[in-house]
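Following: one structure in C-alpha cells, then a few remarks.
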Amino acid sequence: MEPVDLEFEEADLELPSEPMTLLMGPSHPAMHGTIRMILKLDGETVQEVDIQPGYLHRGFEKMSERGTWSQVFPYTDRLNYVSPLLNNVGYALAVEKLLGITVPRKGQLFRVILGELSRISDHLTCNGAIAMELGAFTPFLWYLKAREWVYEACEEQTGARLTHSFFRIGGAAAQPTAKLENLIVPMLPKLLEVVAEGESLLLKNRIFLDRTQGVGILTKAHAQQMGASGPVLRSTGIDYDVRKDKPYLTYAECDFDVPVGEDGDTYDRFMVRAEEIRQSVRIIEQSLAMLKKIAPGSPDDAVSVSDPRIVLPPKKDVYTTIEGTIAHFKLIMEGIDVPAGEVYGYTEAGNGELGFMLVSRGGGNPWRARVRGPCFFSLQAAHDMIRGKMLADIIPTFGSINMIGGECDR
Amino acid sequence: MPTFKLDDREIPFEKGETIIQAAHRQGIEIPHYCWHPGLSIAANCRMCLVEVEPPPGQRAMMLDILTWDAAKNDYVVDRKPKLQPACQLAASDGMVVRSESSHFVKNTRAHVQEFLLANHPVDCPICDQAGECKLQDYYLSQQHTPKRMLDEPVHKPKAVPFGDTIVYDAERCITCTRCIRVCDELAGDHMLDLRERGNRNEVVLAPGRKLEGDYTLMTEHVCPVGALTSRHFRFKARVWTLKETPSICTGCATGCNMWVDVDPREERAYRNRPRDNAAVNKYWMCDDGMMTYLRETERRVLEASARGDAGRTKLTVDQAIERAAAALKGVPKGWLAVLLSAQASSEDNFVMVEFARQLGAPLYLSAKAGWKGDKILRSEDQNPNRAGAVAVANNAKVGTMKDLLHAVSAGQVQAVVGLGTDSDAEGDALATLGRVSDVVLLASHDGPLAARSTVLLPAASWLEAPGSFMNVRGIAQPFAKALPPKGDAVPAWDLVARLGRAMELDLKYRKFKEVRAAMAVITPAANPEKSSTADATAPAVQPQTTA
Amino acid sequence: MPGKTKVLKKPNRSLAEQAYLLEIAKGLGTTLKHFWQGTSQMVSGNTPDAVKDPWADGIATISYPDEKRPYAERWRGVHRLTHRDDGSPRCVACLCCSTACPAQCIYIKPAEYAEGDARHGYERYPELFVIDELRCIFCGFCVEACPCDAIRMDTGTHMTAYDVKSDFIYDKAKLMSMVSQHGTQKSENPRHEPGDPTHPGVDRLHGGH
Amino acid sequence: MLLFWISAIVKIALIVGTLVNMAAILLWVERKQSAMMQNRIGPNRATIKIGSLEIRAAGLVHSIADGIKMIWKEDWEPVGVDKFLYRLAPIAALVPPLCLFAVIPFGPTLYPDHARDLYDASWAQDAMRAVPMQITNLNVGVLYIFAVAGAGVIGAALAGWASNNKFSLMGGLRAASQMVSYEVAMGLSLVGSMMVYQTVRLDEMVTWQTQHCWGIFTQPLAFVLFTTAAIAETKRVPFDVPEGESELVAGYFTEYAGLKFGMFASGELVEVCTSSALLVTIFLGGWQLPFVQLTGFEFHALGIDLSWHWAHFIVVIVGVLTFVLKCAGLIFMQLQIRWTLPRFRYDQIMKLGWRMLLPAALVNVLATGMVLLFLNGGAHS
Amino acid sequence: MSKLILERLQAAFGDDIVEVSSFRGDDVAVVKPSRWVDACKFVRDDPRCDCGHFTDLSAIDRCDPRTDELDMADRFEVYVIAYSIAKKHRVRLKVRLPGDEPRIATLVGVWAGANWMEREVYDMFGVRFEGHPDERRILTYPEFKGHPLRKDYPANLAQPLLEYREGTFNKLGPFLQDEGMPLNRSPRSDDRN
Amino acid sequence: MAELETRVLGGGESGFATTKFELLLAWARKYSLFQYPFATACCGMEFFSAASPRYDIARFGAEAPRFSPRQSDVLWVVGTISQRQAPVLRRVYEQMTEPKWVIAFGTCASCGGFYDNYATVPGIDKIIPVDVFIPGCPPRPEAVLDGLMLLQDKIARCDRTPETVKNTQLPAGAEETLEKLYQLRMKP
C-alpha cells in the first residue's frame, strides 16, 4: 500500500538534503575483495544498503559437473579457503552418503582431527581479522602466528599448507604420519595461550566492547528465516550445531560444548568463535586419545575403505598386479561409479552448515553439485544488521559474519 | 511372442535365439568376451554363464565342489548348480534364467575373470585398449578383488606383427577366437588360428601367410582386449580422451555407418570405428573405409584463391565470393554449367541445384572413378553420394563429367560453378576445361579440378559439417559434425548460398537446419530423416543375420 | 552424548573498564612485554630458532631466504619425472596424469620408440612432456594417478616466481633433471615394461620360459 | 642583535631539520617497535653499499628509501579537483605542527659568552647576549599553540574537500569535527595548568615547574585529558577515524600520492613529536631534570647536601638531552598505544570528547580554582 | 527417521503431492507448482513439522541436451530444504517446471532468506519467480547472457564483456560503468506486517 | 596513457643506460614498496601468512599496505579475478601512480588456473601488465618472498618491461605444440 500523500509539510521544514550514495568495494579493504556494498548514507548513518556478492563467482558448480567425483576435491578446498579440510570432509561425507559407505574409524578420527585444526585456523583468522579491521593490528598478527602453526601441522599431514585436497571419497589420501601427535599436542596449549593473550588486549577494553556490543544484532527468528547457521546462528542463542544435532564421524563420542551467545551481536559472534577454538582443542585432544586406542591391524586401523571401485588401490598393487592397475585405471579414466540418486549431505563447517546437494545419474561425473555455502546465507542477513547503523559498524559486523568469497560466491 | 524370465524380467525372443541374443536386443548385457552378435558362437570364454532354473518338478543339476571357509581355515564340501553359457543356450518359452541375481553366477564370473587375469601382464599403461577393454570393465563389475596368484605369470610373445596393419600381443590375449572367426566368417579367409593348449594357448598366423585382405582391421575391432592393436592407432592417443561422433564412411557408395573418434582438445580425428547398422554394414567396415579419417587432412584447401596471370593469389573467402560473383554475373543465361559432386553431401548438392535452377544452368556431376568392389561391403562406386546428388536434382537431367567436357569443347559453356574436386575424366580430357573463362570451384581438398579452377573456395570436409549421403541402395543417412572447420573453410552449402546472394539470387539459407528443412520439402527422397532405416545414434539392437 | 550448550553471558562492565584507562594500561603492559621480549632477543642476538622451535616465545620470524624451513615429507612441490635404471624416463605416456589433472596443465605427446630401440613396438614414451607449472594447482592428483611412479612431487622445493610466463613451462628435460628431497632420481616402481632389457624372459616371437 | 638573528636561524634550521628527519626516524621506530611487539623482525634488508661496507642500520635505511622514493613518485592529481586547495592541503597539514615548535623551550637559556663558566644569575640581565633554547618566546605561548594547532585541521579538511572523492570528503569531515571538538577539551584541560602556573608563557611554565614540582603532579587529570586530546589531534589509533583504513580506505588523503602523501604522513608523525614536546613542557617539567639546577647537580634533602657544579654549557646540553629523552619516552608511549588499541567509532569519539573530556576538563578547572583559592587563602581578596 | 513430514504433507495436500521418496534418510516430496507456496507454508507453520529454519533453495536442470528436448515438461526442479531446529528433522520440497519459460511463485513471503537464493536460481537457471521483490542477477553481472548452470550452457563459454588488452595499452577503451543497480529492496521480516 | 606508452617502449633503452641517479632511485624504490593488496580469494590467506610474524614480508620494506592505489607502488593481485571483478582491477591499476608494478599472486591471477570457465579471467595479463608471476595455488610464503625479491631485482635493474617473452630452451618443435596448447585453452 502506498502511504497517503503527505509530502507538503515535512519536505519544507528542513533543508533539502540528499542521502549520499557510497560505493564500498569490492576492492575496499574491509570488503575482503569480493563484496560490493552500495550505501545510502545520511551523514554517518546507513539508511539503506545493497549488498552485491558475486565478485568471486568462479563457477564451482559448473566445474564440478565437468570432472569426475574425485576431481571436485580441489574445488572444495577453495570454497571456504580458511578451513579447506572441513570442506573436503563435507564433500567426502556427502558423496559417501550417496554411495552408502562408511569410512573406517581411523579415517574418521583423522578427519575429525584435521577438520578441527582447520576450524581453529578459520576462527583464528576471523577473530583476528575483526580485531585488525577495528584497528588492533597486533592481536591479528599474533593469531596469524598461531595459524601458521596449524598450517605447518596440516602441511606435515597433507602435503599442502592451505589447499590440501587431502580427503578422498571413502577415506583419505594417506595415513597419518608419525609426527601427528608431536606436532599437535605441544602446539595446542601454546595456541590457547596466544588466543588468550590476544583476547586480553580486546575483551576488557572498552573501545573494543563499545565497537562490538549491540552492533549488528540478529534476532533469533530472523536468523532462522534467513537460513543463518554456525557461529552466526549460535550467537543469537540457538544451539544448532550439526556436530551435536546430527552427529557424523566420531563427534558423538566427543565431549564438547556448543557455545551460544545472548543477543546475536558482533561481540557474541566473536565470543562464540573464541569459545569454539577452545572446544575444538578439546575435541582434538579426545580424538588423539581415541586414535591411540585403535588396535593395529584391526579393521578400524585404516583410513580408507578397501573397495577398489571407490578407493584407488595401494601403489604397490598398481605397480605389480593387473588387478590393481585395472582398478586404478578405471577410477582415473571414468571416476567412481556413483549410483543414481540425490542426497543432501551436510556438516558443520567453519561458518556453519555446509551442505552439498549432490545429484548423480550414475557414472563418474556429478550431475549437479550444489553447495550450500553458509556464509552466503549469513551475508544476506547482514543487510538487516547493517541498516540503520553507522558506517563504521559495517566493518565489525561484516567481519564477524566471516564472509569467505569462495564459499559465498562459489 | 514367446518369453523367458531373466532376473525377474520378461524377455521376449524369437525362435532359435539364444539367451544372450534376446537379452542383448532388450539392451541387457550379459557379460561376455567371445560372443559377438555378428559372429558364430564359440562359447569358450565362460563369462556368460547363467543359472537356469529347472522346469517345475525337476531337480536341478547340482555339482559337488569344495569352497574355502575362512572361519575354519579349510575347504569345506559345498554344492553348486551346473551353469550354462548364455551365448549357446537357446531360449525356450517360460524358461527362468538367473544372471545378476544368482550368487552362484556372480561367484563364477568373478572366478572366471580372476582366471583370465591370472597371467595377464600389467600393461594398462602401455596398452591402447585401456579405456575400452572388457577385462577392465568386468574386473570392476564382476571381480574387484586383489590378486591372489603371486607367481610370475606365463610369458608369451609380444608385439608380434600380423601383417601390415595389426600387431599381436599373446600375453594380453584371452583366446576368445573372435579374430579367427572374423577372418573365417567375414573375410572368408582362414588366416589365423590357435596353437598350443592351456596357458600356452595363442593366436598364430596360418603358416606362410600374413594377415591381409580388405578386412584385417576388423580383427582388431572385435578383439575385446588389447591383444590385437592397429598399427595406425597404437601409441597415438588414449581412447578415454576421444569423443565419438556418428558419421558415414565416404570410401564407397555402400555408406557404412561409423563412429569417428576425435580428440576435442587437439581437434584431430584419430580413428574410425564401424557403427552397427543391420540394414547397411551390420557390424563391419573395410580397411580402406577405416582409414578415411587420414584422407581428411591430406591436401586440404584451407584458403580461398584465384588464378591470375602470375599464378594463384590468396584471397579471403568474402573477396573470393565477390570475385566469383562478378565473373559469373556477366555470363549470359544458359552459358553457365553447374557441376554437382558425388562426394559432397546431399545438402551441399541441394543448394547447388537451387543455385543452378535459378540461373537456368544445366547440371553435371563430378565423381571419382570406380574401384574394385567385393561381395561383402565394398561397392564398385567410390562415391558416397552419387544417388543423393541425383536425387536432389529432382528429376532434372544430370550430365556426367564427360558430357560437360563435350559441351565445353562444343563451345556451349562460358563458365562453370562446381562442387568438389574429383573427376573420373583423365588429365588430358580435363585440359578442355581451360577453354572455359571462369571455373568457380568449392572444394575441401586439392585435386584435378581444383587445380584448374579460376576461383577456388575452401569448403568444409565431411567431418567438419553435418550432412547426409544416400548410398547405392537409396538409403539416405545423416552424419554429424565431428570437428570445427580448419583454416578458412566454410560448409559448401553456405558458400553456394553466399555466392548466390552475391549474385542477387534468392538463396536465403543461413543455417544448416534450414537447408535440411527445405530439402525435406522439395526432394523428400533425399531427406535422411525420412528414408534412413536406422537412427544414426541408436545402438544396434537388430538381430544379427550374418552367416 | 556428553557436552552441552554453553551460554556465553556478557559480563557486566566494571567502572575500571568503563573508564578506559586501567585496561588500556594493562593492554599496554601486554604489548610492552612482547616488545621487551623481542627487543632483548634482537639486541642480544638470542632469537629462538624459528625453524626448529616454532612455538617459542618472542621473535618467530624465519628469515627466508637466509633461513629455510625444511618441507614436510609429503609436501607437494615441483614435479619431477623419475628415471629408469638406464636413465630413460619411467613415463610410458599413458596420459593418466593429464586425465586426472583438474587444471589441464600437463601436456603429453605420446610416441612410439624409434626403430632399433629395444622398446620399439612394445611401449610408448612421451615425446613431449610439458607441465605448465604456473597453471598447476599442486593438488597432487597426477602423482596419485600415475600407475608407473613416473611423476612425483617430492622434490622438496616450491615453484619459484618468474617474470615471464614461458619460464613456467617445464619440459621433459627440465622435469627429469629435478631431484627428490632425498637426492634420488630413480623410480620406486619395480615393474619392468616388456620392452625393457631387464624384463624377465621375453622372446619376441616365441614365448620363452 | 646579530647573535639573535644567527641563533634564531640556527635554531629554526635545527628544529625544522630535526623534526622532518624525526618523521623518517619515527617511521622506522614505529615499524621496528610494532615488529617487536608482534614477534617479528621488521624491516632490515635494505642495504647501502659503500665499497665493501654494508650499512643496514637495523632497517633505518628503509626510511631513507621511503623518503627518496616518495619524492620521485609520480605527483598525480585526480580529475575534477580544486587544484589550488588540493595543493595547499598537504602544506597546511605539515606546517602547523612545525610552527608549533616555535614556542616550545627545549633547554635552558644559553649564554655563549659564559659557556665555560659556572652559572651566575646576573647574566640574565644581559638579555641581548642570551640565546634562549626556544625559537621565540611569545608572551601568548599557550594561546599561540591553540591557534596554530587549530590551523592543523585546515589541512585535513581541505584535503578531504579538494580531493573530489567521497571517502576523502567523509574523512575530511570527520577530521574537522574531531579536531575541533578535541581542541576545546584540550584548551580547557590546560586552563587548570595556566591557573597553577599563573602564566601562559611556556618558558615560565618550565621555570615554575623547576621551582616547584612537575605539572603532572599538580594537574594529573589535566595531563590525562591533554594526552588523550593530543593523541586525538594526531589522528592516530585509536582516534584514526578520519583515515580509518578499514572504513575510509585512507580517509582524507586517499587521493594524494607521492610527496604530498608523504607530507601528510610526516605531518602526522611531526604532530606526534610536537604533542609529546608540549606534554613534556607543560606537564613533565620541560627540559628540567630533577636535581639539576642551572648551576649543576644539587641535592638538598634527607639531610644530605650534595652539589656538583657544572660548566654552563654542560647544563644546557643536559637540559636539551633531558627534553629530547622525555619526548622520546612519550613518543614511545604514543606508538605503543597505536599498536595496542582498536579504534573508536566516530560517534564514540565525539561522545568521549564532549561528554567525558569536556566535563572533566571543566571539573578540573573548577577544582583547581577552588584549591588555589583555598591555598592562597583569599590573599588577593 | 520417521517420515512424519511426508505423511503430514500427503494428508494435507493429497494428490497435489506428486511424489514422495526417502533416499538415504532424505525425505523428499514433489509438489505441484500450484500448491508450492502453500506446501512451504505448511511445513513452516504446522506445529508437528515446525520447519522454521530455511536451509537451502536451489534448482536442478534435469535435461541432458544430448538426449532430451530442451523444453521438456519437467526440466527444472526447484527444491527447498527446511529444517526444524527443535525437532531435528528436515524435508526437501520440490517442484518441477518446464524448460520453456519456467516460472514459479516466490517463497520470499514464507522465508525471507529465499530472496537471494531465488535470485541465484534465476541467475543460474533462468527460472523466474513471480512476485519476487528484487529480481536481478546476483552472482553474474547484468550484462551476462544466458544462464550458466543450464546444461546447454558450455562451461567455458566466456562472455566478451570486458575490454581486454589488445596490443598496446593505450588502446584500452572506456571502462564499464559501475553497476548502478537499484538499492536493495529486500523485504524484511520485521517491517512486514 | 601516453606516458605508459613511452614507458613500455622506452623501457628497454633506459634499462641499459642507467645513470647513478637512476640507480639511487631504483635502490630507493626497491626497498620502499608500498603495496596494494588486491586480495580476492584463497591466495589472500597465504598473503596474510607472508605478512605474519613467521615470514614477515616487512623485512623487505614491503610493509605498509596502502589501500589507496594512489599511494602504492606494487599491486598484488591476490586470487581469482572473475569477469565481474576485472573492470575493478583495471580501474585500480589505472589509479595507481607511476612508477608501479604488478605481481600476479598465484595461479588464478596468473593464468586463471583450473577455473577455465565462463566466470573467470584467464590471467590478469589479459587486463593489465604483469611484472612478476608467482606460481602456486596458493603460493607458499617462501614463494611469495621469492617473487618479491625477483621484483626487487627487476627494479634494481631498472627493468621496466612487463611480461616480455624471453627465449627459453625448449626442445625443437615444442614451441608450436605449446602454442597450440595455449590456443586450445584460450579458446572460448
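Read from first to last, the chains carry the letters A, B, C, D, E and F; within each, the first residue is number 1.
Please note the rule applied: a contact is a pair of C-beta atoms (placed from the backbone, for glycine too) under 8 Å apart; a residue touches a chain by one contact, two chains touch by 3 or more.
The structure displayed is predicted, hence computed values, not measured ones.
The chains in contact with chain E as well as with chain F are A.
Of all chains, D has its CA centroid at the greatest distance from the CA centroid of chain E.
Of all chains, D has its CA centroid at the greatest distance from the CA centroid of chain B. Centroids built from CA atoms put chain C at 46 Å from chain B.
One simple way to say how far apart two chains are is to compare their mean CA positions; for chain C and chain E this gives 41 Å.
Centre to centre, using the average C-alpha position, chain C and chain F are separated by 23 Å. One finds 90 Å separating the Cα centroids of chain B and chain D. Multi-chain contact residues of chain C (touching two or more other chains) are listed as 24, 27, 30-31, 34, 54, 59-61, 63, 96, 99, 102, 137-139, 147-148, 191. Residue positions 35, 37-41, 245, 249, 339-341 of chain D each touch two or more of the other chains. Touching two or more other chains at once are residues 52-54, 56, 59, 67, 84, 114, 116-119, 125, 137, 140 of chain F.
On chain A, the positions that touch chain C within their shared complex are 67, 70-71, 73-75, 77, 138, 145, 148-149, 152, 155-160, 163, 165, 173-174, 177, 186-187, 190, 197, 200-201, 204-207, 209, 213, 237, 239, 244, 247, 252-263, 267-268, 271-272, 275, 312, 315, 318-320, 325, 328-329, 332-333. Contact residues of chain F toward chain E in the complex are 1-2, 4-5, 8, 83-84, 86-87, 90-91, 116-119, 121-122, 125-129, 187-188. Every residue of chain A that touches chain B in the complex is listed here, in rising order: 307-309, 313, 317, 319-330, 333-334, 337. Chain E meets chain F in the complex at residues 140-141, 148, 153-159, 161-162, 164-165, 168-170, 172, 175-176.
Considering their complex, residues 31, 35, 38-46, 61-62, 64-70, 72-76, 245, 249-250, 253-258, 261 of chain D touch chain F.
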